[in-house]
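Okay, so here's the structure we're looking at.
Letters A, B, C, D, E and F mark the chains as written, and numbering starts fresh at 1 in each.
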Amino acid sequence: MNTIPWQDKPINSNEVIWRYSENPIINRDQIPTSNSIFNSAVVPFKDGFAGVFRCDNKAVQMNIFAGFSKNGIDWNINHEPIEMKAGNTEMIDSDYKYDPRVVFIEDRYWITWCNGYHGPTIGIAYTFDFVEFFQCENAFLPFNRNGVLFPQKINGKYAMLSRPSDNGHTPFGDIYISYSPDMKFWGEHRCVMKATAFEDSAWQCTKIGAGPIPILTNEGWLMLYHGVINTCNGFRYAMGAAILDENQPDNVKYRTQPYLLGPQVNYEQVGDVPNVVFPCAALHDIEQDKLAIYYGAADTVVALAYGKISEVIQYTKENSL
Amino acid sequence: MNTIPWQDKPINSNEVIWRYSENPIINRDQIPTSNSIFNSAVVPFKDGFAGVFRCDNKAVQMNIFAGFSKNGIDWNINHEPIEMKAGNTEMIDSDYKYDPRVVFIEDRYWITWCNGYHGPTIGIAYTFDFVEFFQCENAFLPFNRNGVLFPQKINGKYAMLSRPSDNGHTPFGDIYISYSPDMKFWGEHRCVMKATAFEDSAWQCTKIGAGPIPILTNEGWLMLYHGVINTCNGFRYAMGAAILDENQPDNVKYRTQPYLLGPQVNYEQVGDVPNVVFPCAALHDIEQDKLAIYYGAADTVVALAYGKISEVIQYTKENSL
Amino acid sequence: MNTIPWQDKPINSNEVIWRYSENPIINRDQIPTSNSIFNSAVVPFKDGFAGVFRCDNKAVQMNIFAGFSKNGIDWNINHEPIEMKAGNTEMIDSDYKYDPRVVFIEDRYWITWCNGYHGPTIGIAYTFDFVEFFQCENAFLPFNRNGVLFPQKINGKYAMLSRPSDNGHTPFGDIYISYSPDMKFWGEHRCVMKATAFEDSAWQCTKIGAGPIPILTNEGWLMLYHGVINTCNGFRYAMGAAILDENQPDNVKYRTQPYLLGPQVNYEQVGDVPNVVFPCAALHDIEQDKLAIYYGAADTVVALAYGKISEVIQYTKENSL
Amino acid sequence: MNTIPWQDKPINSNEVIWRYSENPIINRDQIPTSNSIFNSAVVPFKDGFAGVFRCDNKAVQMNIFAGFSKNGIDWNINHEPIEMKAGNTEMIDSDYKYDPRVVFIEDRYWITWCNGYHGPTIGIAYTFDFVEFFQCENAFLPFNRNGVLFPQKINGKYAMLSRPSDNGHTPFGDIYISYSPDMKFWGEHRCVMKATAFEDSAWQCTKIGAGPIPILTNEGWLMLYHGVINTCNGFRYAMGAAILDENQPDNVKYRTQPYLLGPQVNYEQVGDVPNVVFPCAALHDIEQDKLAIYYGAADTVVALAYGKISEVIQYTKENSL
Amino acid sequence: MNTIPWQDKPINSNEVIWRYSENPIINRDQIPTSNSIFNSAVVPFKDGFAGVFRCDNKAVQMNIFAGFSKNGIDWNINHEPIEMKAGNTEMIDSDYKYDPRVVFIEDRYWITWCNGYHGPTIGIAYTFDFVEFFQCENAFLPFNRNGVLFPQKINGKYAMLSRPSDNGHTPFGDIYISYSPDMKFWGEHRCVMKATAFEDSAWQCTKIGAGPIPILTNEGWLMLYHGVINTCNGFRYAMGAAILDENQPDNVKYRTQPYLLGPQVNYEQVGDVPNVVFPCAALHDIEQDKLAIYYGAADTVVALAYGKISEVIQYTKENSL
Amino acid sequence: MNTIPWQDKPINSNEVIWRYSENPIINRDQIPTSNSIFNSAVVPFKDGFAGVFRCDNKAVQMNIFAGFSKNGIDWNINHEPIEMKAGNTEMIDSDYKYDPRVVFIEDRYWITWCNGYHGPTIGIAYTFDFVEFFQCENAFLPFNRNGVLFPQKINGKYAMLSRPSDNGHTPFGDIYISYSPDMKFWGEHRCVMKATAFEDSAWQCTKIGAGPIPILTNEGWLMLYHGVINTCNGFRYAMGAAILDENQPDNVKYRTQPYLLGPQVNYEQVGDVPNVVFPCAALHDIEQDKLAIYYGAADTVVALAYGKISEVIQYTKENSL
């Protein structure tokens, strides 16, 4: 197994999730054309790691780029965006691509992202090697964002979380699950969990969306997600966790009332979009009880945070809505 | 074949579509509990006709009711709404039901409607007899409206038009097509046609949505649809026509730049929502070249309009965008 | 006791509330300066009736006018607005006055209305003779509308229903109750009832507001009120009923899920503001079981509707949310 | 002088402006392609009258058409829109044309209208014969509407009223005056009059715009204009009058606090845009003290109203803000 | 008398109000559960100081906590929120509590705050010891914020400043005063001062609200307040001062046209809500002419600023609107 | 020729435009009354430089001030705003003045700015000495901003770029050109370039506006401009470049798809309006191929950036939309 990035919890800290001391790990201008690099996804690959990165260029066009790393911290990101070939269908229009997630299922790596097809919807592609990518049918009609696959079939079908949206800075949003026998046709849509009442948990009262690929634990699926509050000065994004039933994931067993990580340091508070913590991937090592969370900060850079899986689960159970 | 309702074009009229002189054919209070009856669908059934009617009750709760008619004009509508049984899945939540369409495919009648499942989406049910109804999986995630099935499979799959929406009085909306092998999982979503530029055809510049079940003609699929303009005093709904390629319906061959029927008489201009012409069904007789269009008027009553299929096609071709 | 207006229920009608056949009883131009006369209040007075009428003039300035009638149907409305004298305080600013209610308590007639004091709030005045009027302190801070007094003290205090608002075409609004020992200082504010969920009763899902003075019955206080739905073509106002606990009126015992009267005839559907039924007063005769409801129609004229008190109560209990 | 249309004031009427009994004089479908004909302008021409008419076609595209009449009431409107030739410049883009005004100055007829050039602005053209039209430079940058020329130069320059706008259903709007030495370059912009405070005159509190060509009287320029109030069910347009200083028209001498004509009959209250009275032209006969006002009703038809010039002036002076 | 915090004005500074060099004095995570601590109030208590602190927890639920300090700078804040007992009424619902103020009147300490009762309104409680707190009737109907008591009765009645609001990020807001004979019933509402015209003083042109308890001086009541401007990137809060007539406080004698303190340093410019200076309390020592102002910074931390009372008064008089 | 400010490109930098290492060159409090100094213009004057500075005072009133510098970096700004005398007309109202530009044409310096005349429009003044200023007619009707003159007549007329707006935080905006024979009357309005489609270049997809005075080069007019994207946390302003045809400047030859300078350092990201880079002036030395750009940062301070003219042109050509 690949050794995931790690840094012990600072002494005297009682946080469940703590920031990497060398954050941000990827700067906004790490490739020559980039205005910002954030909201990106990584996955173990060969003896290291591969990733798909959201790099907005200096025209602020959104696209996804492949990258590679030995240690999960120092990344070489390609200077050219991923070029798709036709997968399970003809080539689909794609006005833009952003906020990728990556997961290995059975024999290949699947990438999902917010795909511009007459508005945002969920794009799907697969790759075996992070060199050739094959774009498949969009999962849904527009408007949708934050499509996140489960890492294995559930009841014999692929399963995807997503957040139906509108065509702007959507001021609402709940998490749904959908199933597919073939990664082409989707159905059996169920609501998983909704934005909260303001009084119950204000940081997630405007909208919520799934983050990294869910992680199967003894308690069920550990789903990290982002929640949004609409302040008088705009949206503020923070991260929470939920535990979903293993076989019926629309059954939410636990869900954090408090956030686990909110924008509190400069690279999260200041940037193209201030006050954003937006997790898109998490490496985990069940045996070592380690979790390394990759998150976009201020829509500008990529940062890393760590936690103990068992502590996250325990905290989620003890602080559940 | 059942004899569809008909009334000849008034002398001196040069309209392509003309109103039935005895409109409205269904009044707002035709059943004891109804506030309004409109946006309803009919289909040939046995030696007469059956229908599914949107009857909002006096609490202004929206539901659908079965009804029957010998002549397609005088209708007996059940006083109780349709009670669904489980179809191809467990029972799906349904906070409300409105704007039904009905179509016979292969061996049964399929009903689609706007189904309240955490917001509007497309509900599906089937019946063999208009007595027992079996509710299936919703076709899509919310938010969606105006789901309209084609009357036969296309390239071996069920095909459905729909209009992705948001959760309010949606100020945008285009027509898409999606396919399903099994009426359960849907995919291969393609954009069919969009609201127009204001300068090109203002009556359909805010949003559009499919109306009756498309009719297969020599030219392709005849699709009647509604278009909306946002005036300074609210939305105004009118009706147009398009002709879609028979085998690839996302290929729009013709589309009326002018509307075919707009709100111009009192029962269309005055009611719960003024200035609405909203077609949901059309009986047709290809041999006799007759078309009888059922439309909701002012969100209050059901009215009927007639046309010659050949004239509608000719007009659509000659006045195409 | 004064004989209140009456007209028997039309044969074959099964409505709980039915319209007066000679509606509207007051036309928009009944006084020389008026653009419209609507949302007005009447009360038994001497051997006939007195009233306070909202007459918007042709500059569309809103003011209230006294009027008198022998039979409650034919009204002489003064051509000059009510001129206030100082009541329990110095003279309060009043940029405009609209939507009056009138009630007799103990020794005098109290008028409440929507008073323009840096925005809408609740104005209060009293009169003994409908000639001299004495303006008191506003009940509340802005913004508020639809202040309606109970016709007797409750637990030794004056009691007033009201609907907190904002300063525009308020898209929300619930009914509260407040108490006063002296018609000057108000407190003990309690929420009485709220706008409904769309699914439960859409006609009252945007906002609600008290209408006529509540009527004490064996079942408790009969409160007629208006409810509003926000259609894609604007607000639609209808009328419902609720029964409040006699001694603790913030305890709602019953509340109609259906509306009792909605805009369905031309003078309610067409006018300065289409689709408005807005009740502001009700004469009642408990012994004869009669109710005569005065309501503004389309913000343009005054109309009258009738009902049996016992039937309204029974209907409210049987059709309660 | 051409005999302008006339009908005496109805007996018992005390209105300053009264409607023509045969209204509307132009129906929505008076030419084959029209959805609606409204907001149009007329002018004495030869031994009769000529006009420029806003005819929206059934695609709801807005364009202007020439028409002719012997008596000012019965009109022959061309079936093809006006085709412009280049006037004092190259041909200007014109995505749409609406709300024309016409005036004779010195040697020719000038037409102004709302011209679609990257949004609404003021188009200008001239004609000698209503057969050939020559389009000149737009007067202003977008966004602007209701450009109305004075019928003679003021202080040696052409003078135009207009109402700066935005690119939608503008919720604000005041009347300005601008001057030009040559009908090409415009400057010396001055604010003439603004929408009123709600408390002062609510019918004109949202926006105002000049209507017909101003008429020179002994008191100064008589300017009829429209005012708008934003009700909870949309905009309502009515007509008022102002008197401007002859030599310095941004000096408003009088301005009606009440409206002179508001939407109160069916063809003004019901149509594509309910509750609109929108004057665009006025024929006058100073000697006979007659005024014939052409106005669009409900954005659907053209209607006619009459008044005595002297009475309008007197009323304006006596009811001035 | 307790010695209030103090730090001399920096040499070379010509500011009327200067920041404490050790700001912020309370960090966001000063208690284990807190996401942020800000907008809090302090008062002399025994030989030191007591306070009521707004601590939003990590679920971003808003509540108030008692705290104690010897020197007014170093604070021990309880880890549990204040638990209320019934005061002059039954227990009132309280969905949330924020933005407290504290004042000693006659024999006890009164706390007012923004109380969640079907939306924000003004909650009232008293304590003798900051251990037991007794919650009283809400002062007003919703929606209201920034309720601030005067430190003594005026004309024999309690007096409270407040700012009527709506139920969101209110884009308007003026300061009113209301009176009560008994802290239960409130009336005699008067407008004190309004947001300014943009041209006159833009920093306070969107809304204003009272800050600390007013201080009685020779010139009248010194009222510090916040003002808000709506920039294209959200609200910006700054602080000004006004002097109100001692006996009739709705008579504003002076009011600063410039702000006294605006967000200009990092802890005011960066945080959960950037660019916020929000004063809620001020300790003063008339004899020593000292003022210590406690203010929330960026909705995240508590900071302290100092000034000379005489200089604030002089500046307010010399820079009055 | 005056020596313009300069600093060589940092080694290893491959930026076309680079920041001055001593930024900001003017702080927010550089004059005693100022809240902020930004969006200002400079020009060679005598043996040094003169400028017109936007200094918002502590009441956040916007006005323009003259200033002088020997080296273009260290500035003495007058403590009193510019006092205008009547130029080519009577004195025009000016509620506020902001965002000035300055240019020398023929015999004098012309200043344009956003002038408050019933909303924002373009004010014009001239000076010979930066001591006496003469205010002329406003160029346009409201609403307009960012009026920028060309430094010489084009085809014999003065030419001005501007951006038609509305009266708030305008969410749209394109660049137009207008011509004048006399700096008094303006016409021949042409659209120059528009905000882009989101997909094409998102940083300039909401609105754009001209920046410094265009510079005549071999390729045509080099126009630096600002573009805006509307993020979920407000507007973000960056800078691009376009090259306009020398004789017909509405012909855009090239336009940067990427931005040249975006908010990426603290003084651009944090301030009264975060994330703003707003260029208003550029000194240039064609022979030395130097460009010194003055821009407002975060609506708070003035900063300086440098570039090679030839590189900017080359980059614009090679990265054109």
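Definition applied: a residue touches a chain if its C-beta (ideal position, glycine included) is under 8 Å from a C-beta of that chain, and two chains touch if they have at least 3 such contacts.
The structure presented is a predicted model; accordingly, all values stated were derived computationally and were not measured.
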item	value
Where chain A and chain D overlap in contact partners, by chain label	B, F
Partner chains shared by chain E and chain F (touch criterion as defined above)	A
Homomeric contact chain A-chain B: same or different residue positions, threshold half	same
Cα superposition angle of chain B on its copy chain C, in degrees to the nearest 5	120
Interchain centroid distance [CA atoms averaged], chain D/chain E, Å	55
Separation of chain C from chain D, taking each centre as the mean of its C-alpha atoms, in whole Å	41
Distance from the mean Cα position of chain E to that of chain B, given in whole angstrom	58
Chain A, residues touching no fewer than two other chains	233-234, 270, 274-275
Chain-level touch network, classified as line, ring, star, complete or other	other
Every chain pair in contact, whichever chains are involved	A-B, A-E, A-F, B-C, B-D, C-D, C-E, D-F, E-F
Contact set on chain D toward chain B in their complex	28, 32-33, 35, 56-62, 95-96, 116, 169, 233-235, 270-275, 299
Partner chain A, residues of chain B touching it in the complex	89, 117-119, 121, 137-144, 162, 164, 166-167, 172, 174, 176, 178-182, 184-189, 191, 194
Interface residues, chain F side, partner chain A - complex	14, 198-203, 229-234, 236, 257-259, 262-264, 266, 269-270, 274-275
